[in-house]
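Lettered A, B, C and D in written order, each chain numbered from 1.
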């Protein structure tokens, strides 16, 4: 059976490797090439197959019908353009083409939200890992205009270290991370904020966002804890999420508290909502968990590729 | 030199062991006995000395001038009373005698806040670990009435597993906790909430508290991330903390982001405050870190004992 | 397509859960029931499906054509017999029926060694996790009688904590295992020794075994470091392993040093051999890594079931 | 009270920081300067005090009466010489001056073995971390000539990642080390072997050494598992260790199995010995645990400095 040849740019990073792993087991795509800069010439065993990283300049863009870019922010957009010039569709995992980062109107690949705009799309901006966890869990409230005008949505989230990439930095050494925990980008300074704000505005929600990320001593996974004030008391909040995401194969609404363990190595988001007692304003606590490398990066990227090419949306994806 | 004989009830738990460790190196106190229930008869090497756990009923209460109770909530108050009947002062690490849990007016041992009421105190209710981290960081705002009336103070905090004690429960096994992270007691259900509310009310703050704890894959340490709306914009927020805690040996105000690593095995709280950008209401993010077993339990208990007996407040305490 | 109905006894332990996970994705077997004792009535999400644990006494043995027993040692053999009386084939993951533990001649499911005896077998004794890693790596030397007569084979091995099961014991709590490492069963006292000795004798090797296991602060994986003296210097030792295991899909011979990371969640053993410099007797260091729950337990059990029923040996198994 | 001014070269590495931590709490030494290369100009909070790292060329060698060098192997010896030329005593933590690495006869600071040669010594070669754990545990057998002639001493040891230093290397990133375990320098290739061989020869033992180190997912600690064949059966092996190390404050002989947890942050070695059952040659398993940064580096270095200057051997050292 003919498979669609696919290239991965920036394949040696954690997201790039996860892309190769998924693509090597995909029924309709096949890995045509994988580029890496410092690791050019090296091999890795990914998804049951040996992958050889080639230099970016050696990438046979012409041979691919689809290119995923897991290149660093700033460097990615130019390669996406180049891939398109060679006739390939492109999915950009960097922030370069996401809402809030560019004035271009590139379809934003938060699949469950913008599925229609992704069918046949030539280029897709794949969401950040934090925005995926956070925006999906907020969606039922945004769509129903249930967020209290003038309030602040307080998001505290924690991520495993693969979210910081695999460039060797002293603060990411094992001996620095084990038995440790800390916040970073405190004060609303994180690069993922613009795309979250853009989506909140798109739904006309008159609320501020306050986002504080933390670094966990785990390899993978994001848990977001979201405090949101409502326009009214909801007698059975979870019902709204059940309705909103009915039939979605990659969204798990649960009365239990989601844990990283429930979602790692899976292309799902797992969400619950709980009422907060003792508040004068009706308030919910949302908890949302994903694997930052799967639903938060490579998995969602392949999910978007499936939609773009008209394949079954879950083809090749771990559930 | 004469040392004051001290008993520890419930000495085999994590807080009890930390008490023995500190007491075995203390210049003015000496461990007279240590009780344990299921571990009675066993030995442990704590603070450079062998400690033998005796059965609670064998505790020679009469021999102690001071008793620390690290017994479980519910079981502790009766033992504290018994110790007092035998003429000993008592420091209760359980929640039994804390504000919000009893109508008795027992001095609350948040040392930096209530130091005056602790001098010569016959009994002291030692604060919970989360309240220690959270209340100390809020204190400058509470004392200056800078918290916006009608607002909610949103506290997301994460603790190492020693906070859950050392009774073997399946969900605390290594294989369940490693590479995992999850919230618990979501929706304002945590046992530490009443004492936090009591203190906030004591300072006449008209604000709700919303507290969501999380379980970290680390042994020790608490980091609290606190979002608080203000009555006014503060041009240099950290200055308020510097002023409020000037001269306090166990409070570290820092422009850096505190990490668990900075505080474990130390009797300190480490605090910073950052302005949140992009909020229509002036808002601060406070970050506060402690070792849950030291400043959050045994260390603060000994600090309180030092104050009660008139010793140097830092005697025997790790900085 | 008709699938063979399969029961899992002792399904709530780590090996039992891994069995359910694999079976839920198997092309030819389907999970008919899963029993658990203390967790009876509870649910778990395993291999993409909800599994409900039923009480052992409610197990519909009659409905299964194959039964896996992951029951504790001592309790397992009786259930295996019961399953056989009801007409099912049985694979016993306990040590009850392994060589060295019983005088019965039950086929020993070290698949790559005893494949022929497993075809159509009504009952199979599945090997222990340590013996799987250790014996497979020794096999080329045993088969070629290259181990020096009178010598001792020194095996130091380290295992993740799932090897110790999920009954809550104090020494397996996260706070006791993290940042720790220790040996156990030192002095040749481990329960896995008899089956290793039996195999070594079966190959007429005149060598002692000395086995020291250690507990690693990881969830999964075993690495065995084996020092073995030879009858002669081998110019290119790895060639012997390459030859011996040629065509074996689940044995990876590598010039690199195997790491746990290479094998977790996979049904493979990964082996290398290195000459030891500076020894008067020709000596090799073998390194052998497996996932204790997959190739060391559930994966190999399903591999054996595949052989017994005549399916493709790798059906349903993660590589 | 006058304190002896001390300099630390290479102070920003893990061993260098541990030196600063210990020296900042020492009763007779005080830190005069601390050098670092890439971290020059930065500050660290070590042992309760702020330490500022200065550039190596700015080191006021003249101001120090004692210099510790924690510089890399190869670079250290020249600085030790320079320090001596400026009139300071020097303790070299690198391998440059250790037996097997140089023909110079520099006192080897395995304190419990060579204490007499260290009194007043102008320069001391501080042992490697692995040799400290391994040689100390072998000493009673070496001194009594109980090791079987012609045999191989098989040493499998595992170390926390601080043993590999804090230069950022990809393989030391948290996400690469967590849930992983692997051997390295397999085949008798480790840099610590020469000094171990030199000591074994010094005691006229006619035995080979076979040393396989492993990397543990922990920050600190070494556990060595040593298999040694004897000239005769020892009825009560532990008695020999008790005798040999009687009165040694930093050697703990125990009937229990030592764990990393027992020794981290302490300047001790903890040793046990167990008979191996089922061996035709009398064989012992020795287990020896240290903190690689304390007894295995900075702690032993300060212990040696105490001996050199005639202070109480345990002054300033954590037990």
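Everything that follows uses one rule, which is that a residue touches a chain if its C-beta (ideal position, glycine included) is under 8 Å from a C-beta of that chain, and two chains touch if they have at least 3 such contacts.
Because the structure is a prediction, the values reported are computed rather than measured.
> So which of A-B, B-D or A-D is the twin of C-D, meaning more than half of its contact pairs are the same residue numbers?
The same interface as C-D is formed by A-B.
> Comparing the two chain pairs, does B-C have more C-beta contacts than A-C, or is it the other way round?
Between A-C and B-C, the larger count of C-beta pairs in contact belongs to B-C.
> Express in whole angstrom the distance between the two chain centres, defined as the mean CA positions of chain B and chain C.
Spacing between the chain centres: roughly 46 Å.
> Using mean CA coordinates as chain centres, what's the gap between chain A and chain C in Å?
37
> Which whole number of Å gives the spacing of the CA centres of chain A and chain B?
Using C-alpha averages as centres, the distance is 38 Å.
> Spell out, as numbers or ranges, the residues of chain B touching 2 or more other chains.
160, 176, 178-179, 217-220
> Within the complex, which stretch of chain D touches chain C?
Listed in rising order, the residues of chain D that touch chain C are 150, 152, 154, 156, 158, 160, 176, 178-184, 186-189, 193, 197, 208-210, 212, 214, 216-221, 223, 225, 227, 229, 257-261, 264, 274-281, 283, 285, 287.
> So in the complex, which bits of chain B are touching chain C?
The touching residues are 14, 160-162, 166, 168-170, 172-179, 217-220.
> Using the touch rule from the top, collect the residues of chain A that touch chain C in their complex.
Within the complex, chain A touches chain C at residues 45, 48, 178-179, 262, 319.
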